[in-house]
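Pasting in a structure now, in structure tokens, and then I'll have a few things to ask.
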Amino acid sequence: MGKQRLEAFSDGVLAIILTIMVLELKVPHGASFQALASLLPTFVSYVLSFIYVAIYWNNHHHMLHAAGKVNGPILWANTHLLFWLSLIPFATAWMGDNHFAARPVALYGLVLLMAALAYYLLSRCLIHHHGAGSLLEAAVGADAKGKFSIAVYAAAILLSFANRWVGFGLYWLVALVWLVPDRRIERVLALRS
Amino acid sequence: MGKQRLEAFSDGVLAIILTIMVLELKVPHGASFQALASLLPTFVSYVLSFIYVAIYWNNHHHMLHAAGKVNGPILWANTHLLFWLSLIPFATAWMGDNHFAARPVALYGLVLLMAALAYYLLSRCLIHHHGAGSLLEAAVGADAKGKFSIAVYAAAILLSFANRWVGFGLYWLVALVWLVPDRRIERVLALRS
Amino acid sequence: MGKQRLEAFSDGVLAIILTIMVLELKVPHGASFQALASLLPTFVSYVLSFIYVAIYWNNHHHMLHAAGKVNGPILWANTHLLFWLSLIPFATAWMGDNHFAARPVALYGLVLLMAALAYYLLSRCLIHHHGAGSLLEAAVGADAKGKFSIAVYAAAILLSFANRWVGFGLYWLVALVWLVPDRRIERVLALRS
Amino acid sequence: MGKQRLEAFSDGVLAIILTIMVLELKVPHGASFQALASLLPTFVSYVLSFIYVAIYWNNHHHMLHAAGKVNGPILWANTHLLFWLSLIPFATAWMGDNHFAARPVALYGLVLLMAALAYYLLSRCLIHHHGAGSLLEAAVGADAKGKFSIAVYAAAILLSFANRWVGFGLYWLVALVWLVPDRRIERVLALRS
């Protein structure tokens, strides 16, 4: 079975998730800058989620690029990942609307955590299907960043109840770790994993 | 006529159906867990519909993969299938908003039933176009699962008026039959068909 | 310049137009059949528009299939067509919400008329680019159905103000002419054009 | 790394941006022409934004067509462009709902300015990756129109506070410069740049 249609379907779902989030930026009543400023928490949430969905698209792109074939379990592991990612617009809006209250911040982290676990599961299914020593196994590697992300999400969820800004800050930290191609970070993470 | 654009268009429509359902998960007022918990019926409906749309994408993918060419009737049978699938977000939201009341549960089943009949019709058009003994006919086979699904949907619609949880439970049963690749189920169904 | 990305972009826009129309089927309050029945005008409008967008996708598919190359004017003629088609969800909802009042029925016809003119313009740009005697010119042909549709839309808009059901009925007539592959209709139209 | 999936993902996002804008054309209460006329400012904003998104798709199409390969920075520069374009539906609706008040007109210009800067950045990343003397560098050229647009957007934002119609008029001027393939304009701009 070819992977082209899996890529096309995932691209479609990710593109829609990325774009419908902007529908949660409800047009404010009135033309003043104060009216606009009231959207700031929702906007900041939107920026973070836009970055996360783009990171997932980017990583998904790379992992599937190294894959040669897919099977039933891979299709379903991919659907499972898309399910958790599809909840990002909801979690984003709940967090923004409530100005980063503790529970919505924790739920946002839970959605990120479940998506990261789903991504990990997908990578295992792909490696299992392509076999040890395959190009795909080399491309995914030890996935130190992925394991680091899962640990930070779990910590951020718990810390959100003590101080919500710590939780929210940790989500930005993970996003930056994925965005900045810093060799030193990667080396440190590789040593620790 | 090639099948690529038919696949691409169907993928697009299915990806949008899958994703816009999340817009029905209206962001609750307030940041409490109670506010979140009030969404539970809608969320459970969302999960079921996500699974169904993914099953349809998966089966559509496989059937078209075995197809080599398409014609006018196939294009329209495919559009007919997409029409019924496009009603899933509406039926999902009505069922969730009304906490699985009997009539919305029955309507949800009716949409599933019509989609299943449309899928069956599409498979007949494809087999007719490719001829007896074709790879496509072998791939679709006796379609015992498809016939079983149609029978269960019809029963579930009627049973919803007696006990709505029976109807709702049967929808999950059909989804599980498609999800779990149990050879024994397939063999039994094959014998009965 | 290749035509693949033009096809992919048009497919994407048409798939989204087709699917977001269902968002106008607002979930009714209450679980009664009366609540559901109140949506009937919107649902009937939805069915008609679904058929029209599918017809456009189908015809666009066939015309571009015969095309070998595209240029700047073709890209813009295609965008112009997508613009008018993008107004179909709005016109559909206005017509359904107002239970087929005269003005919304006329506006719906105006959108169909402008889309049909835009499609005609696109076909002229394509034929001009491919030259007389090309496969594309043969595929488009005299386009008797297209000219017939334009005339009926114009008549339907005017007749809507006398009797809205005449206008609405004529839209269904045109849709049926495109759906039913009746050789006799095509022959008659070809003689008259 | 191939460019196909980057093109497909960008097409998807642009197609969704283009189409969800129509959701801001809220269906008016009542079937009168006055009710329809009250949507005129939103409709005019919609037309302008439709043209802009189509211009971006068109230019993106051409630039990527000349590209042979992509890398990490290009992927992120592309995502950055999509981010600013994703804000166009919001800026369009705020401008239309407030009947072209000064601040919304200025914000609309700011979104256009940021998108134009993001496009410029993407073109630099692509040229850097393909090297001097590449086909891509020749295709992008001095990009006089791009630099002219950036200057006019900046002026329009400031002038919006003096007279909002000047700002709004300048956005139409830039759109026309991109739409009309006037060789003389291009030559003059090329001389000045």
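Letters A, B, C and D mark the chains as written, and numbering starts fresh at 1 in each.
By definition in this document, contacts are C-beta pairs under 8 Å (C-beta built on N, C-alpha and C of every residue); 3 or more make two chains touch, one makes a residue touch a chain.
Just so you know, these numbers come straight off a predicted model, no measurement behind them.
S.K.: Interface check for copies chain A and chain B. Shared numbers divided by all numbers used: above half gives same, below half gives different; which is it?
M.R.: different
S.K.: Note the rotational component of the Cα superposition from chain A to chain D, reported as an angle of 0 to 180 degrees in steps of 5.
M.R.: C-alpha superposition angle, chain A on chain D: 90 degrees.
S.K.: Using Cα averages as centroids, what's the distance between chain C and chain D in whole Å?
M.R.: 27
S.K.: So which bits of chain A are touching at least two other chains?
M.R.: 8, 12, 16, 20, 23
S.K.: For a test of understanding, state which residues of chain B touch chain A in their complex under the given definition.
M.R.: Residues 7-8, 11-12, 14-16, 18-20, 22-23, 25, 27-28, 30-33, 36, 47, 50, 54, 57-58, 61, 65, 179, 181.
S.K.: In the complex, go through chain B and note every residue touching chain C.
M.R.: 1-2, 5, 8-9, 12-13, 16-17, 20, 23-24, 72, 75-76, 79, 82-83, 86-87, 89-90, 93-94, 97-98, 101-104, 107
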